[in-house]
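Note that subunit A is present in both complexes that follow, paired respectively with subunit B and with subunit C.
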Partner chain A sequence: MLFRKLKTYSFIPAVILFLVFLILNSLLSPMFFTISSLSGFFATYAPLVVLAVGETFVLVGGGIDISLGAIVSVVNVLLVTLWGLHWSLPLAIVVSMLAGTAIGVVNGILISILKVTPLLATFATSAMGYGAALWIMPTPGGSIATGFANWYSSNYGWFPIAAIFIVLPYVIWAIWRGTRWGTYLFAVGKNEEKSFASGAPVVRVKMLSYVLAAFMASIAGVILTANIVSGDATIGSPDTLSAIAAPVIGGVSLLGGIGDAGGAIFGALFLGLVVNTVFASQVSTFYQSLLTGSIILLGIVITTLIKRLTSMKLRKVVG
Partner chain B sequence: MVRAPVPERDVSLSSNAERLRNVFRHPLIPVLVVIVILLLFGRILSPGFLGMANIGNILATSTILALAGLGQTFVIIGGGEGIDLSVGALVSLGAILGGAFSNGVNAGLLPALGLLILLGGFVGFLNGMGVQWIGVPPLVMTLGMASVVDGFALAYTNGQPTGGAPPVLLSIGTGHLFGDIRWLIPMGIVIAIIGYLVLNRSRFGHQLQLVGNNRQAARLSGLPLRNIIIASYIIAGIASILAGVLLLGYAGSSDLQIGNSYTLLSIAAVVIGGTKLTGGEGSYIGTVLGAMALIVLTNVLVAMKLPEGAREVLEGLALVAILVAYTRRRGAHRQSRRPRMLANTLKGEAQKWKSE
Partner chain C sequence: MLVCDSISKRYGSVVALRSANLKVQPGEIHAILGGNGSGKSTLAKIMAGTVQPDGGTIHWNGVPLRIMNPVSATKSGIAVTFQELSLLGNLTVAENICFPAMPTRLGRVQVARMRERVHPLLKDLELEGMEDVLVDHLPSGYQYLVEYAKALFRNPDILVLDEITSALHREQVTRITQSIRALAERGTAVLFVSHRLPEIFSLCDGVTVFRNGENVGTFRTGEVSANQLLALMTGDPNAVDTTAALDGEPYTLAPRSASLEVESLPVRSHKISLSIRSGEIVGIAGIQGQGQSELVRRLFGMHGVVTVTLNGKIVRIGSPRSAVRQGFAFVSGDREHEGTFAQHSLSTNASCVGQFIFHRKAMDIKAEFDRMHVHYHRLSQKMQELSGGNQQKVVLTRWTSVHPAILLADDPTKGVDVAARHEVHQMFVALAESGTAIVMVSSDEEELVALASMYPLMRVLVMYDGTFVQELKGAEVTLQSLIEASIPQEDNHVISQAENL
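Then we have the complex of A and B:
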């Protein structure tokens, strides 16, 4: 009972923050609620949403993955390079996504089988990923099929295509959550020793969480490429941190075993809205990142406070 | 005064063979092995690698990373998932503001240092407050703080760092004391000694280790838990920002991202140096050696004359190899304990079932 209540509470702060900034945003830029502006917003932040859900898999399983940004870079650079070599688009997408997912397999092997600390293992693979991306494409450039790029940022009637990639991660999460592997993931994140003792396939569960995160990051890499229409080996580096900040704001516990992809999605959209709001407020460009950083930090602090207050209230009710 | 007990190694040794075996079990052995292997590898790649000039260069650059790793060591030993991801941002800020505050003049250096220590301490204090009073996980708190600090550097400089290293700082960073001995080398030795004394010979250090080892016990024995942890973050803030000043002296000028790689390098140095990421156990001397190992690794890769991308890939691979080797070694230690842990867990569960 307590657990179920906590779970429903865990992403409420993110929704509140999201709504506050939605209102702020609409006040600062009245044009925000037009279809073209919304579809631009979704196209820009859908990659972050996909990444945040990918990170959620790993965080719920009790790990952490800081190589997602590097995976985005690898997929981006590889896709643009292969397209430049006149590969067909579907084949280029499949191959670059396989390469991205392969990094997740390496992460999984290092962490679940060789038992290296997740933070450092993914740091090492992230160095390898960025290195490989830089090796493939030392200077930014290239392009991608215009048809694909146009499709991504277009609307189907009033429905922005990019919004698919905000719903899709949640669908993947919901399906996963419904299977026994989802239950295993939460169990392993909550207590690895006990899960092992009760017969959960701990190694495979952890392995799969990293592979899934890398797969999601590969999707993010593909749609990011569709959005920016060029290749850059460093494109993913700011995403690593946002991909962790979003789920945490969305109530996913860094200790594992608690969290929901819905929270991560609202967290990611909140981060996007903050950037949008700061941009719309016409502050000097040099102050924008300070302002954005401060608001996000404040958001994290407020989320933590709300979480503490609600869990205290619950404890009082129960005790 | 309360003096926290430090866990002592078993001293009742029965034979010389056992004593010898215990020497090999010393936590600093692996990092020394790594350094020696890397040095030999570098010697094979280029004959001048073990020359005094190159060794001096390695030691000098290690000093900067070792100073950045000082605070990281303290925060990680403090336990409770403690980690400081704002180290790199603060190193950058130290380099940028060190140049801006002193304006490239010797007379400006001391006031600049004073201001920077205050600023670094303040950032560390905020980190500590966020972690200890509000309860934000350290990883997230310091990550958020890193982006605030980065943003502050951008706002302060309008994107273009001004000033530069004052001549005194420049001669500390690049000058030689005598022969091939650079100024940074004695400085590194002093930093290592101070770090060792604070962590292993002071009351604060003992309390920090106890807090990292067992929060519950530390709280029950009346240690000022919150203040100790906050102090560790303050030390981290000050050490990182001072490392930035040294980096400015070494590099001569700064850019906005000059120190960003130090965040993860400092964590890697701490772990390679034998400190446990879960806290409670570790040494600063280990971190210093870990920093050297990482710098030697970079130098070896530079000596291979590869393109930048390939170098990073190899750096990652080498790191993976080191980490796996480390984990194997630890695993061998833990093996004997694992079944017992499992049994205890099961027993605890059984009791819970019975009581219900």
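Then we have the complex of A and C:
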């Protein structure tokens, strides 16, 4: 008897969307494939990519985290403030990342130990995070080491430095995925009770998924600061939903237990490309968001339909 | 020797185990026999560490075992297979078997070593080459074999098998029983939880009968008869005699027009045909998960559009709402999720169908509740405050008030105590007498036997893997005949609809 061994390729639609918009971009703005334009693109969207991979850890583990944008804000304002107090850059980065990751520890305790619903727990910590960021820095401003900012948006030969932060999250994911803890994460996301009955350390697995997500969000906060070279307590807020949408576009299931960070990365880059395309087409700023939303919707509807049709055919072949 | 001493467990007001005792020798295959709700599965879960007992001790060879969680159960040398399976569908067969201690090197899971380790086990069970298959892609029979392999992988001193054979084909049962015997010869104590007598007699050395959470007798299998065990299991010394009543009154049905005709309704991978007449009660029996629930849910429009013939007219059912409008009613045993609005008042629960689907004026709920013997304080009290039996009576009130033509029920007395269960049965009979046709799925054979003895127009269809394998009428409905029919002996046992129905 023959059984399907293949795992599902749920990330394919995101790759297709990414490629389509890559081509569209190069047609609309012939300058897109120049090194300076590419490094600008990566520098702008690497934070979203890192966030999307962070959210993937939580989604695969069967939870959801809507506090990642707030963590970005906290890390951003803390980093700029500490730099303004003449701290050394490495120390400021480490301390602000520790603060960001600490929010993940709180999320993890609330959700895995106190069994608070993930959406509500992270909703509350998110509000507290934005509040703390606003308290640290009531008005946008400040700065960061210019050497660091310049390094982030520079190129090493033809290689954009910011692209490291497209690859790094996948490396972290792949290492994690290859350990027992990676298997536990998928197991717990699929079914908590059965994982427990099979001997998985369920509490620690869930806890770690939120800590890892917050850690990734802290990285995103640092590189976002390098990109915008200032502090703003509300800077992370638009990224919260994008960080959830990107992995879902990339085939990560909101129900848990299914997905790969690769899909999340392509999902994030697709979202970035859409904004870029709209920007390049020189539409009035008043319509940009409307147009961006419509394009994303169209892309998702078309790929969903294609996926449904192809899976129906597959089923016919199998049956 | 494994000694379980006065183990007790309550869930709220329901006593699952009351002071249960059990002794099993190393190398012995010991059956735990009991009906649904006898406490046998709770005992298995306590051994597995997924449920904590309220009291009692477990010793192995004189050493007390402290089972706090599944990990400490494994450390104590206990492995358990679960009736509802402990497998994770998004992991491979090899990953599931090794879980949670997959072999690693420098922190990375070694897939090749994992395959190597599980290979001999899979070979024994004739599952070679399935190491990398995702469990979700396996048919359910194979999943049970993998669940068994997973337990064996832990090299247990004590192996608890909870209804492992219930979803298996005959040749798969043979494979597992051979393996169990080999294991027992090496000194493992095997607890074989089951409610199937033939398997117990052919496989087990000893047998303990559970009823209402208590050990009501332990025997060597050679020194006890099937009838004795049945009598103990049911608590009714006459349970045995029902087989002798086979030549009693023949089953007859008044020639009435068929009220529901269903043709080639897809259930699992098969197509089912069914004909039910007004005033008839049709019980659907069989081991759990053979498509019984899917059948009634499909008829109620819960799995997409179905077309049936109702009183000679072709009727299209696209949703539960349209089913209700056509005269269908549905009583679910899963009260919490499907049957009731737990947070809402009794009156809402009783009148929702009449009000929201038929737009009728509020009925006299008090009078209806009195008629149905519902025990309650106020009509405004929350549904969840009532006992399971009373909740089910409220649900029945909801339906009787709109006079359904067809009543579909899925294990309606699940978790309902004996007295209330009898009342629910009486209500079913009264409904049938008033002309309603009833289709009732039940995982409790005793319940079907009891109903058949109450109502002459009762027949039972036994389901296996999405088809009816046997029809039993009137006095043919006995505990033994039902249990026997539930496990097909041969594949050609599956009879065609045209011949028998």
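FYI, the second predicted complex is superposed on the first by the 292 of 319 C-alpha atoms of A that agree within 3 Å, B and C clash if a C-alpha of one lies under 4 Å from a C-alpha of the other, contacts with A are read in each partner's own complex, and residues count from 1 in each chain.
Here is the rule we use: a contact is a pair of C-beta atoms (placed from the backbone, for glycine too) under 8 Å apart; a residue touches a chain by one contact, two chains touch by 3 or more.
Quantities reported herein were computed from a predicted structural model and do not represent experimental measurements.
If you put the two complexes together on subunit A, you find that subunit B and subunit C bump into each other. By the touch criterion defined above, A:Ala102 lies against neither subunit B nor subunit C after alignment on the C-alpha atoms of chain A. In the superposition on chain A, contact of A:Ile12 is made with neither subunit B nor subunit C. Contacts of A:Ser195 after superposition on the shared chain: subunit C is touched, whereas subunit B is not.
By the touch criterion stated above, A:Ala145 is placed in contact with neither subunit B nor subunit C.
Once the two complexes are overlaid on the shared chain, A:Thr183 sits against subunit C while remaining clear of subunit B.
Shared-chain residue A:Ile300: touches subunit B; no touch with subunit C.
By the document's definition of touching, of the two partners only subunit B reaches A:Leu254; subunit C does not. Subunit A has more of its residues touched by B than by the other of subunit B and subunit C. Contact with neither subunit B nor subunit C is seen for A:Leu28 once the two complexes are overlaid on the shared chain. Once the two structures sit on top of each other via chain A, subunit C runs into subunit B at 221-229, and not at any other stretch of 167-175, 185-193, 221-229 or 257-265.
Across the two superposed structures, the residue set of subunit A contacted by subunit B and also by subunit C is 193-194, 196-197. Subunit A contributes residues 3-5, 7, 178-180, 182-184, 186-187, 189-191, 193-201, 257-258 to its touches with subunit C in the complex.
Interface of subunit B with subunit A (complex): residues 81, 83, 130, 134-137, 139-141, 143-152, 154-155, 157-159, 264, 267-268, 271, 277, 307-317, 319-320, 323-324, 327-328, 331, 341-342, 345-346, 349.
Those residues of subunit A lying in contact with subunit B across their complex are 64, 110, 114-117, 119-121, 123-136, 138, 193-194, 196-197, 233, 241, 244-245, 248, 254-255, 286-294, 296-297, 300-301, 304-305, 308.
Of all residues in subunit C, those touching subunit A in their complex are 48, 50, 69-71, 74, 82, 85-91, 95-96, 99-102, 104, 107-109, 130, 132-134, 137-138, 150.
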